[in-house]
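Structures given as structure tokens follow.
The same subunit A turns up in both complexes below, where it pairs with subunit B and then with subunit C.
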Partner chain A sequence: MIKTASKIPLPGDLAMWVLILAELSVFALLFITYAVSRQLNPELFFNGQQLLHPIAGSLITIALLSASFFVAQSVNFYHQVKPRLAAASMWLAILCGLVYLVIKNWEYQQLIEQGIGLSTDSFFTYYYLLTIFHMFHVILGLGLLTYVAINLMKENWREGNILESISSYWHMVDLVWLILFPLLYLVH
Partner chain B sequence: MKFQSQSVAKPYFIAAIALFVGQIIFGLVMGLQYVIGDFLFPAIPFNVARMVHTNLLIIWLLFGFMGSAYYLIPEESETELFSPKLAIALFWIFLAAAVLTVIGYLAVPYATLAHITGNDYLPTMGREFLEMPTITKVGVVIVCLGFLFNICMTVLKGRKTAISMIMIMGQVGLAVFFLFSFYNPENLILDKIFWWWVVHLWVEGVWELIMGSILAFVLIKTTGVDREIIEKWLYMIIAMALITGILGTGHHYFWIGTPEYWQIIGSVFSAMEPIPFFMMTLFAFNMVNQRRREHPNKVAVLWALGTAVMAFLGAGVWGFLHTLAPVNYFTHGTQITAAHGHMAFFGAYVMIVLTMISYSMPLMRGRAAANSKKAQTVEMWSFWLMTVSMVFITLFLTGAGILQIYLQRMGDNPESFMVVQQKIEIFYWLREAAGVMFFIGLLTYVTSFFVKGDEAKA
Partner chain C sequence: MSKNVLLTGIWLVLIGLTLIAVMAGESSPHISSTLLIVILVLGAIKAQLLVDHFMGLRHVSGPWRLALSLYSIVLFTIISLIYLFI
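Presenting the complex of A and B:
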């Protein structure tokens, strides 16, 4: 027997989901062009990957996943009308996001000190384009999370739609990294 | 018409249509020069005809955008225009500058025009689409500043709506990016990079905001759908237009001496540029389907739906055709570009201005809501004549482009440019025939303003 899909209401605003779909399409296109270039030049991409730090990448992954966890917790606390816990969770998420920024910048510094830049070869063109573009999204996401966190500290702030929309956006940023990380660092 | 001062839009629209007729005449001249090289030579050489054709387009669209803003802003702000006198004064300054410039193009050689207009002091001339003399450019800036002052003051004293805010964002962006036409670096690569900041960031950036806002305005008026719904669509459309359009500039940086990474950025972001146009199509059809009233101005609704579809085809689909770097490697600067340019400009910007004219002109001429049935029928004929002709112009140029690429850039024995031009002549003849049809459509359009009869009822 076929069960009909249960009607779970969409978290956040439909407009945000349109934006998320658009963002994911941009990243998908970037991943496809990356895949094609890699196919054309496997050795160059392999050599480039050797210069990256998988441990730094793993730490970033942990930081971003933790951030997403705290964001999700914050939404739960909000719905249980525990604004203080919701705000605290959100600040923890922001902290995790900042950890990501620190590690990522350390990575960039390492590479730049070795003289590796955007125009070194096509692997690093992709590496920088993809990760910097992703980092811009993290920075934007952190700005949005900060806005929510500040509002959550006001006891009577009841804007579940905004909270869920911004949280969904953050999860999208996280999801993109989960594809980006193996693609750039791990898959040989 | 809710406010008396909205009628300052009328002279702007009349001038726009007059210059539109001029643009098409020069289009026909140069279309013929493609196949009869010395037609009207030396009086009107090809480069002059081309310059007049493209510059008139830009100038009349600017007239149309300003007229649209003068009509739209007071109604949205629910107040009279800040200064109708300033709007009229600027109209005459702008028209005089435009007409003098075109006379200059036709009367003296371009180099002489550059000399007598003092180009040596601040050289800005000689670049495609921005050929106008430096003093004309200064005039455009003055007109834009006065215009922006006028509409901003109007919005400040009245109601602020999303539609008027987006209109102002678009117009401010238009003025700001035009300033890059004064920047003329020695380095040709830098020159091209910033040249695109005017050309690309206009048509694939801020002009889309103007288009979105006019479309939203006309749809609110003709369909009676809730403002909240229309505004939400508008926000999403302009967000997508800017997300894809700004970095999409990269698709102009492929083979001009910029770093290679522009091939990735340009390809990926501009590949997404059809999305806002597709959303505009969905938007227009959805709103018309959900309409709460039957507006008697049927032809304005037809233009609104037409512009949404044609913008998607011309700007979206025909743009996508040659936007990916590996494809553009072959198509760059061929007739494919001309095909895309024709349908995109017509579909997105000519038709949106005509939508606004079609909606507002009857009201400014004292009708209660719309022209007579007869006048509307004539205008609908002009819609179909122009639109179908433009589809054919685009298809013929695409045919010319494909053949050109095949003969000139592929295969073992690529042939030279001029030899290929001879071989694709048939497409140019067909394009010229379609152009004549377009001109007949345009004359029909002008005629529709003079058709009398009882006003149409819903």
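Presenting the complex of A and C:
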């Protein structure tokens, strides 16, 4: 835990927060580039957005929000010295993350079956690059959450700093999706 | 209010705001400027709730909460300006 000036602890490790800010900066640049490109090709982007599945996007959002909720609950249970509940919450978070992967892959499959790929047009280039880049972060996050969940099942595991750092990373992945979702699926 | 109850409440609010945003987005093939602002403001509110309650930065003073809070607000503002004026 890092102590700030007012002695309120920053959850997790300082290095993780630096990484989070760096990751968010990269995504911010991508989002701004996407927005400018959309304005330069409004019809092309509109037509591309009509081929996406808003229900799939909504379910992904709910799955990721639920994963973040269970991660936050897990941290909470850990601090209440309830390791079994902390582990159970973490496994539920992982399950929600897997639901995201299933839906996202279904969505990719639907598009590929229609012959829509990375090089179809500039909208789908952005769509695939942004969502695949985000998905890589989800997959890494799921690996880290699994590591934590396995350790939480051990009676004497008391590495709150690692738990909070990995949780913060996961919430960052969710935060990115909360911006990506309206840009791709809702604003057309 | 216990932390467990608070987190559950925030989770339900986040899902509710998501559904409202989806309804706004699906209400018309071409959304109006007003709906655009509504959807992006809902996104910014959701991001702030996530930062404050799930990330646990609500009571953390100093630059970290400010940086994470400003991130979504500034980004959504820039995107709104691009969508409205370019």
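The definition used in the following text is that the second predicted complex is superposed on the first by the 181 of 188 C-alpha atoms of A that agree within 3 Å, B and C clash if a C-alpha of one lies under 4 Å from a C-alpha of the other, contacts with A are read in each partner's own complex, and residues count from 1 in each chain.
In the analysis below, a residue touches a chain if its C-beta (ideal position, glycine included) is under 8 Å from a C-beta of that chain, and two chains touch if they have at least 3 such contacts.
Since the structure is predicted, the reported quantities are computational estimates derived from the model, not experimental observations.
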- Item | Residues of subunit A touched, compared between subunit B and subunit C (which is higher) | C
- Message: Is A:150 touching anything from subunit B or subunit C once the two structures are fitted on A? First, second, both or neither.
- Response: neither
- Task: Return first, second, both or neither, reflecting whether A:81 touches subunit B, subunit C, both chains, or no partner chain.
- Result: neither
- Message: For A:132 in the superposed arrangement: first (subunit B), second (subunit C), both or neither?
- Response: neither
- Check the residue A:18 against both partner chains and state whether it touches subunit B (first), subunit C (second), both, or neither. first
- Classify the contacts of A:29 with the two partner chains as first (subunit B alone), second (subunit C alone), both, or neither. first
- Message: Quick one: is A:102 in contact with subunit B, with subunit C, with both, or with neither? Answer first, second, both or neither.
- Response: neither
- So, A:39: does it touch subunit B (first), subunit C (second), both, or neither? second
- Task: Answer with first, second, both or neither: which of subunit B and subunit C does A:140 touch in the superposed model?
- Result: neither
- Query: In the complex of these two chains, what residues of subunit C are touching subunit A?
  - Reply: 3-4, 7-8, 10-11, 14-15, 18-19, 21-22, 24-26, 29-31, 36, 39-40, 42-43, 46-47, 50-51, 53-57, 59-62, 64, 67-68, 71-72, 75-76, 78-79, 82-83, 86
- Task: Please name which positions on subunit A make contact with subunit B in the complex.
- Result: 15, 18-19, 22, 25-26, 29-30, 33, 118-119, 122, 125-126, 129
- Okay, in this complex, where on subunit B does subunit A touch? 232, 235-236, 239-240, 243, 259-261, 264-265, 267-269, 271-272, 275
- Task: Sort out for me which residues of subunit A touch subunit C in the complex.
- Result: 4-6, 8-11, 17, 21, 24, 28, 31-32, 35-36, 38-40, 46, 50, 54, 58, 61-62, 65-66, 68-69, 71-73, 75-76, 164, 168, 171, 174-175, 178-179, 181-183, 185-188
